[in-house]
Each structure stands twice: as structure tokens, then as C-alpha cells.
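Okay, so subunit A shows up in both of these, paired with subunit B first and subunit C after.
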Partner chain A sequence: MSIITRSIKSADRQARYLNLGELKAVEDFYQGGEDRLRLAQILVANEAEIVNKGSQRFWQRYPNTPSNTGNPTFRASCLRDQGWYLRLITYALVLGDTEPIDKSGIKGVKEMYQSLEIPLKNLAECMRCLKEVTAEMLSLKDAAAIAPYFDYIIQGFL
Partner chain B sequence: MQDLITSTINTFDVRAQYPDSDAMNRLEEYFRSGDLRAKASLAISANAKSIITKAVAKSLMYTDITAPGGNMYTCRRYAACIRDLEYFLRYATYAMLAGDPSILEERVLNGLRETYNSLGVPIGGTMRAVQAMKEVTADLVGTDAGKEMGVYFDYICSGLS
Partner chain C sequence: MNVNTGGGSPVVHPQLYQTTPLAVISQAEQQDRYSKQSELNRLASYFDSGTKLLKIVDTLNQNADAIVAAGGDRIFYGGNSMDYLEKPKELVDLPGYVRPITVASAAIAKANAAQNQNQVKIFSESQSLIKGRTFNFVELLMEAIYRLQATGKEPLPGGFKPINISRYGERRMKRSMRDLGWFLRYITYAIIADNPSILVVNARGLRGVIPEDVTVATIVALKEMCWKSLSYFPDNEESQNTIRYYFNILIKEYEVEKPANQLREGISNDQQGLELPQSYSLAAESRPKFVMKHNASVREKQAVVKAAYRQVFKCDIDRTYGITFKQLESQVTGGNTSIKEFIRSLGKTRLYRRLFYEPYTISRVIELAFRHFLGRGLSSMEEFQDYFEIISRGGLPALIDALVDSVEYADYFGEETVPYLRGLGQEAQECRNWGAQLNLFKCSAAVRKVPQFVTMFGNYQQPLPNQHPYGVGNDPLETQFGTVFKSETNNPYAQPASFNQDHHRLLVHSRSRIQNVTNNYSSERILKQSKSNHEHRQRNINLSNHSVEAIIKGVYQQIWGQQPFSGQHLTVAETKLRNSEISVREFVRQLAKSTWFRNLYWDHLYITKAIECIHRRLLGRPTYGRAEMNQYYDLCSKKGFYTLVDEILDSDEYLATFGEDIVPYERYLTPKGWAMRSLAQPINWSQAQLDRQHTAGEVVGQKIRENRDRLARLASQSNGHVPKEIVEAIQTASDAVDENKELITVTNLDPAEPESLDTEKHPQEEESYEYSQTTDY
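So, the complex of A and B:
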């Protein structure tokens, strides 16, 4: 939920307009919006490269993982899921909130991967690799803006 | 309820896609208009009572509705009418901030026409008052913000009709 919707909801509960403090926060959010969109666009444009480099690094560190057994389905699913998490991160970034990650990528994730017999700590490491290669591509400031979302996903796997 | 950002994301998430360039342009436009939206919201909240007063004067006052036998006759009904107009204004302002009409649908319009019909509240008069509110608000906040607010006042009207 963006800070806009959150402020509106709490104002609505009290049947009042947004107060000055809330509006100030909303305005700051609007102002940061273009920057968040820019960063999201960088991620979108480099998705293939990030996923590619991230998985190479992951397989170096964890050679014994389902996606590295030579099974093409496992391999493709691993790449696809990395792309999906990257997409969820761009959503969260634009929204300024982890809700999209939560909703589509965290709730039930442990149960799902466990039932697929994919070790969660491997997934966490895979996300760490994605985070690293993404950070290497970005300026220090941009990398710092994006890191919390990767960390949030990694926490969700543990 | 949703805002423009959430509704964009939800649309694309179910398709597992990144927002396309149209959607990105809309988001960019929305973020850029933030200053305008926040200022308009502030102006409206500071002048909410007077907006209602002026809108009622413009659209309902001294018509059949306020005359004996009309639906605003007796203070109790008059008060209920301006209370509803206050609701409309507040929710239209929320929707304008969010850039999305879903809150109007959820909190205002859902079942409103049926309620009004069963209470005998004239829809035509209500719509006239909302349109008057739109004009009064535009005078207050200026053309650009007025246009944006107009979208949500019109949304209320089309939901009533």
C-alpha cells in the first residue's frame, strides 16, 4: 500500500481531510516518484543481464542445486523465478512499499518451494547473488535504494 | 481501495509483465502532478464548508427542493443533504489524491442510488449539486486541479444516473 492510500485510509476512518503532515509526506512521495520510476526502468532494461549474471554466480557458489542438474525444466524455472522476483522488486520500488512482494512473492513461498523440494537456503543465496550483481550495475545511491527489497525477499525465505 | 500506482501494478502483476510505456507515462505524469494534487487537497479541506454553501446556493437554494414539500424542506433534511455533499467532496478529494476512483465506488456509490430512491431523494437535484460543487471547486483550486477534481465529481454523477 502506498503512503497515499495509507494516509487516505487513516483519514477516512476519522472522516477528515488529510492533515498538513500527511500531505507533506504524500508530496515527498510524489516528488521521489520520478526517481523511483527511473530506477525501476534501469532494472527492467537490464533484467536479462541481471538474471544471467546472477544465476552464473549462484551456480558457482551452489553447484549442487536443482537448477544446475542439467534438467532443462528446473533450469528454466529458476531463471523465470529470478525474473519474477526482479519484477516484484520494480513494483515495490515504484509503490514505495513491499506489499507487491509480500502478496505475490512471500506469502506461501516457503511451503511452495519446500513442496517442490527446492532448498530455501539455496533460494536465499540466489537472491543474494541477484542483489550483488544488481548493486554492481548501479550507482552507490541507487544500489542502496534497491537493497532493502532484496533483503526483504531473502528474509522471507528464511 | 487503490491508487493509480497500485491499480497499475495489480493489472500487470496478474499478467506477469512489466508496466508498458503507456502505463509508465501515466505513472510519471501522476508523480509529476503530485504538487498540484497535494495543494488542491489542502485548499479544499480548508474551504470545505464554504464550497458546500456556495454549491447549494448555486444549485438547490430557492428551488422546489428547498420549498415546503421539497426534499430539503425541514432542517433535518437540509442537514442530511449538506452532510452527503460533504461526503462527496471529501471522497472526491481522496480519489483525486489517489488518482483512482475506486474509493468512490467502495465508500460512496455502492448502493447509493438504491438508497436515494428508497428515501425519495431526487437524483437529478443531487447531480445538479455535485456539478455545482465541481464549478465552485474549480474556481477555488484553479483550472488544472479543477479539471482533475471534475473527473471524480463526474464519476459520482455517472454512478448516480
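So, the complex of A and C:
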């Protein structure tokens, strides 16, 4: 649900036109749009590299983790999931809202990983590594813009 | 199958309409891929055009009234449709409010509001009326001039006649104007969202809702509104095009006949036929369905194959397991086999067996297979039984054959469509598997090893377990009292072992002595105990051992939970009790039927809680569970409060336990219940507090007294020339001290002090007893 859907929803419920505050919010959304798109494109273009560097760093910090045991399926799913979360972040960037992350990246996922016996602590650390790697590739301002989304995921795991 | 309970519902937020970013994202999301470059470009241009869109919307918002009025003016005559603009700022015109308003009264109301309501004189009515008319007249003139200048307007459709308001009716006219306002509002929403779906969802089929005789007129009005809106952007071709685009879509959707509800075919009670309103399916239209076409490009075919993998394995198996079914793929892309056969072979692969058969119980296997091959959850126990038989005879391959060959599969997916999840918006959802089905569609469904549908259907057949109405936990006695929504973190459906009033418990029975008893101990036992040992708390007060005054005090404490204030005594009943005209039980009844009791435990509580409170007060124990509560509830709803009191006091249990002469006491107090009604933590009195000789009030009083003495000394030293202020100060100081004397009552709050000391100090108070201080548990 983007800011637009949200404003329309609340205005529609009260049967009124969009008010000035909502229009302002939408305007900000439009104006920030280009920046967010650019960031999303950077993520898309560098996905492989980010996942690669991130997982290396992760395994360095947490050598005892299921994906580092040499089991090819575990390893592949770990990489896949990192890519998955990066993708969710690009969605969230475009919408300017954490809803896509929530919907398929947080709700129920905790239970899923728990039942797969993957420690959540490790997952959070993995996301942190991804965040660091991504931040190193970006300018300070861009990194600041993208960090909240990673933090949101990390929060979700804790 | 009876459907008596719900399946536990997660909250859902159906998607109501699309906006451009959402549409783009959801396309990518459903195919598990990053957004394509073309999509990103689309978004970029959307963000670029944002400022322009906002400007359009802003202008339309500001001129909304004028635009709507223009539309109305075009189709109405004989009254003044501009009156719409003078709508009172109340809710009167909103749907559901019916209050006839004449032109005159509306004008008067407006004038009244303007003139501060108390200065209205008779002549002002007519004046304001005239004023309003002239204002409208000027507007109308402006309109006429606009209209003269207007170019490019479509000619009126043949046979269209403007509607006479006096014949059409004032109220209907207002309603029509309101609807026109709604149309304009949705136009602005659609412009902001850059997507016409909100118009489609809201306007399609409205023709069937709005009376047929104004259909043509509405379209004329909409066209007029469109023209009026365009007139605010005289030099801006682009904005004009945008507005025209959305108005055209609105008119087109409006003209369409009301589409029928989407049907889900059903043949029996177990296969329900259900209807889904079109607007829901319209909103979900954007979900892609993958159909294999033999003339499609390789890339498109690849996308279809991927979709099939996603549906059956729920992930990209290539990346996770490094497995591809090259041969199967080439057959399907080459057109040798249909998608249906491809799906079937995927189901029979070793991988599917490993992922979705081996780790699960058979029941869960069936549930998951339904998701993968039919795109829904099980819908009834009978259906489950049928398929259970199939799988237990022929194993997994037989189950998959049965699902893929079923009529339902053919109806929905045919030969070449990849199965998809038939969730919210895709089709009408059944009520009885609601929660379970939504859970099944989540990506974490495969993690759940326990069958969900089967257990839920099993619960349906035993509709109401003997559980306490307050919750799903099994112990009805203490833990759930007074809460409707328990804060339970454990899974309520894990179905713990039954636990009820017949089980042995530790009861908080008398001070420092906890006994392991069941609920059916007799009152004699307590009586004996209290006789043999005076150190025990005497909870059993009766006429043979105690004075009448003690009885009265005790009854008040137990029934009302407090001693009455001075005006509250039921003096008549007390006198009768003193004269032995009524029994204790009768006295209890009088108290329980008093206004105060009713006010405390009935008037402000919801029924179950009221029953629970009254039951505890009168019978001294909590209710035992659903069965008992149901009876009381029934009684309350049919006969009310007084009958409830009578029922409890006349019950066999009351007579057996308390009889005629014993004051009711709390019989069933578990440690948990005790803990619930006391403070969260015990009060730890510091040593300083315990050693202190005076209360705070006494210290203040002492200070004031010293002050007074000092002032008095000053006064005497000044030889009679006492300043007035000082005299007053002395007086107030004395008053303060005197009042304090009344207020300061040193209460002994120390809970640790043994009661035996107390009795030594006050041997004359033989009848002192202690009730649990349970005014508000």
C-alpha cells in the first residue's frame, strides 16, 4: 500500500476530496520517486555482487551456520533468500512503504526459519552484512535512505 | 455438515484498486523477479508527471462545486440545482439521513447560522432568500456566458429532455447531485493514482443502481462536467487529455450493464456454490494467469514453465536445488505435451515426493496437494475422506492423478493454463475453511506439519467444547475471570488436557495453612476447624456462634464487598433480622436485590461478567464452565436479574453449603486467583517506615501547632497590638490542625503483623474476623 492508496482510502471513507496535507504527501512521494527508483536500479544491477560479498562477510562472522556446512542446498537457499530480501527492498523502495516486506518477508517467516532450525540471530546478522555491503557501495546520503528498509527486516527477525 | 464455528480468521486486506506503482510491483512480485527496465521507465515517467497530476487534482478540488453544479444545471430545470451548493454543513445530505428540506428552509438555515442564531427577525428570512436568489442568478448568468463561448461540446443525445425538478422531486434531485459529486471525487482519485481501476471498480454496473429514467441524463451531466473541468485548463492540451481520458472511462463503465456476480459452481452442500461481486474480481484482475500458447516466443514459454514450477514447488527449483527437468521442459515448450500433463509429471517427480510427501502426515499431504494442483484448500470433511481413501489405496501418484483429472481442474485450468491460487479476489471464498485456507496460501505453509483443515473440520462436529466462555483455555476457575480476550501466547488450538472443577487443587483456605482439597468439602469441616482453633481465620459466620451485628457486618462485606456508607443501610431488613423475622439467607436476598448491588454487579457489566460476579458473591465460587454459564445466561436473557438472584439463592448447592443461617463465604480460592486480586508485588515496608512513630499528617500537624504557638507568642509580646493578619493566621492554623485531627487515623497497614497479637491486644473483640478484601477482583 503506497502513500497514494492510503490517502485515497482514508479520503474515500470520509467521502471527501483529498485535502492539502494528503496532496502534499503525495507530492513528496512523486518528487522522491526518481531518487528511490535510482536506488532500486542500483540494487537490481548489483544484486549478485551484494549477495556474494554479503554472504562472504556473514560466513566470516558466523562460521557455524547451516549454510556454511557444505550442504549445497542450504548454501543455495541462503543465497536465494538474500536475493529475495534485496528484491523485496526494491519493491519497498518503489512504493515508499514497507508493506511488501511485511507481506512476504516478515509475517510467518520467523516461524518458518525457526522450524527449519536456522537461528534468527544468524539471519539478522546476515541482513546486517547485506546492509553494510550495500552501504559501502553507495554515497552517504543514499545509504541513509536505504538503511531503514534493512533495519526493518532486521527488526522483524528479532 | 453443520457449520457452527469459524475457522479462526487472520485479518485480510483485500486489494481494492490499483495505482501505478502497486500495479508494477505486484506484477513483479507474483513472478518472483525484479522489476523490468520497461516497468521502471513507466514508473519514472509517472513520478515525473506527478506535479502535473497534482496540479490538475488541486484545480478540480477547488472548483468541485462549480463543476458539479454545471452538470446538474444541464439536466435539471424548474428549480435551482445550485441549491446543492448551499447544502447545510450537517450530515443531512449523506446517505441514510432522511429529512425533507425545502429551498426556503435551507436558505433560512443558512441565514440563521450566519446571523448568530439569536438575531433572526422575520423580515430577514425573505431578505436572505432574495439574496440567495440573486447570488444564484449571477452565477447562472456567468454560466450562460460560458456556454455561449463553449466550443467542442458534443450535441445532446436525441430524445433527451431536461428533468423538471418539481416533478422529479427535490430530494431526488439532491441525491443525484450528490452522486455527481461522487463521480468527480473518484475522477480525482484516479488521476492521483494514475490508474483508472478505481473508476472501473466503483462505477461499473452503477447503471443498474441509479434509476433507469435518469441514466441518459447522468451521462449528459457527466459530459457537461467534463467540459466544465476542461475549461479550467484552456491552454494545456496534456492536462485536458488526462481529464478527458478518465471521464471517458467513467462514462464507458457507467454505460455498461450491471455485470452479473462471478459464480463459483457448486453442486452439493460440500461443494458450495458461491457468488463474488464483480468489483472484487475486477480489483484482482491484474494478477497474471499463465497460459501456454504454441506460437509464443521462447521467452514467454519459459515464463510459463517458471510459473508452473512456482505453483508446484513454490520456489525456483533451479536456483535452490540445481535441478531442472530438461526433458519435461523441452517437451512442453516444444508443444508435445500440454501444461496439464507437465503439471502432472512434476507432481510425480522424485523432488515433489521428497519435498511434500515424505516429511508430512498423509492428511497434510492432501492439504498441500490441493494447494498445488487445485489452487484452493480442502472444503469439507467428506472431500477429505474421499481423497484420503484414494491416497491410502494408490499412494501419492494416485492422489495427483485424481486431482489433475478432476472436473474442477478441467473447469478452471483446462489443458494449457498453469494452476493458480484461487484466493481472495480470484473467487468467492468459503466461510468454513476461511482461516485455514488463507494460511495455506502463505509462503510459510509448507513449514506447518500439522494438518489444519482436518482438525478444524473435526472441531465443527463437536461445536462447543465445555470450555469457559471467556476463552480457549481449559481451566474455567480462576485464570480467566473477567477477561474476554486473554493474553495468551501459546497456541490455543493445541487442545490441552481437560482440567476442571473435579481436579484436586491447592486452595488458599485459611491463613498460613494450605490444604489440598477438592471442591466438595463440607461446611462442617470448616465449622469444626474454626471451633477447635481460634487462631484460624473464621470465615464461617453463623447465628449460633455469632451476634446479629457480626452477621450483618459479614453479609454486607460478602455480598456488597464493602461496609455500607451511612445512608446505605437496609434498615428494614436489618431490623427484621435482628427480630429473627427473617433468616440470614433472606437477608442476603434482600441485599442482593438492592439497587446498590444491582448497580455494582449488573448494570455496568456485560452479561457473562455480571453472572460471574454475582455467582461469586452469592455462592462463593466461580462458575464451573460453559455448561453452567449457558444456563445462567439463558435465565438472564429470558427473566433478568432478580430471577438470577433467586435462582442462585434457592439452589440446592446454596442450601447444602450455607443453609439458612450461614453467611456466604468464598469457598474456592486458588493461589492464582489470590495473586490476581492482590498487588502485583508485595509491599515491602522499609525499616524506616516501620520505625516511624508519626504519620505524615501528624508531622504536618505538629509543625502547624508550633507555628501557632510562635504566632501566639509574638502576639502576646506585642502587648495587645495584634495585627489583624496574625490573628487570622492563628485562626486558620488552629482550624487546620483540628481538621487534621479528624483526618489522621493511623491505620495499621502492616500485613506481616501476626493476627494473634491483635487478638491479644483486643481480647474484647472476639468476633473480629477477616474477609478477603475483594471489592474489585
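Just so it is clear, the second predicted complex is superposed on the first by the 158 of 158 C-alpha atoms of A that agree within 3 Å, B and C clash if a C-alpha of one lies under 4 Å from a C-alpha of the other, contacts with A are read in each partner's own complex, and residues count from 1 in each chain.
As a working rule, a residue touches a chain if its C-beta (ideal position, glycine included) is under 8 Å from a C-beta of that chain, and two chains touch if they have at least 3 such contacts.
Model, not experiment: these values are computed from the prediction.
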| item | value |
| --- | --- |
| Which of subunit B and subunit C A:G108 touches, first, second, both or neither | second |
| Subunit B versus subunit C, judged by how many residues of subunit A each one touches | C |
| First, second, both or neither for A:A124, with subunit B first and subunit C second | neither |
| A:A135 touches, of subunit B and subunit C: first, second, both or neither? | neither |
| Partner chain(s) touched by A:L23 [first = subunit B, second = subunit C, both, neither] | both |
| Subunit B versus subunit C as contact partner of A:A147, first or second or both or neither | neither |
| Contact residues common to both interfaces of subunit A (with subunit B and with subunit C) | 1-2, 4-5, 8-9, 11-12, 15-18, 23, 26-27, 29-31, 33-34, 37, 41, 44, 84, 87, 90-91, 94-95, 100, 104 |
| Contacting residues of subunit A [partner subunit B, same complex] | 1-2, 4-5, 8-9, 11-12, 15-18, 20, 23-24, 26-27, 29-31, 33-34, 37, 41, 44, 84, 87-88, 90-91, 94-95, 99-100, 104 |
| For the subunit C and subunit A complex, residues of the former touching the latter | 13, 16-17, 19, 21-22, 24-25, 28-29, 32-35, 40, 43-44, 46-48, 50-51, 53-54, 57-58, 61, 64, 94, 182, 185, 188-189, 192-193, 198, 315-316, 319-322, 442-444, 447, 449 |
| Parts of subunit B lying in touch with subunit A, wherever the complex brings them together | 1-3, 5-6, 9, 12-13, 16-19, 24, 27-28, 30-35, 37-38, 41-42, 44-45, 48, 90, 93-94, 97-98, 103, 107 |
| Complex contacts: residues of subunit A adjacent to subunit C | 1-2, 4-5, 7-9, 11-12, 15-18, 23, 26-27, 29-31, 33-34, 37, 40-41, 44, 47, 72-73, 76-77, 79-80, 84, 87, 90-91, 94-95, 100, 104, 107-109, 111-112, 115-116 |
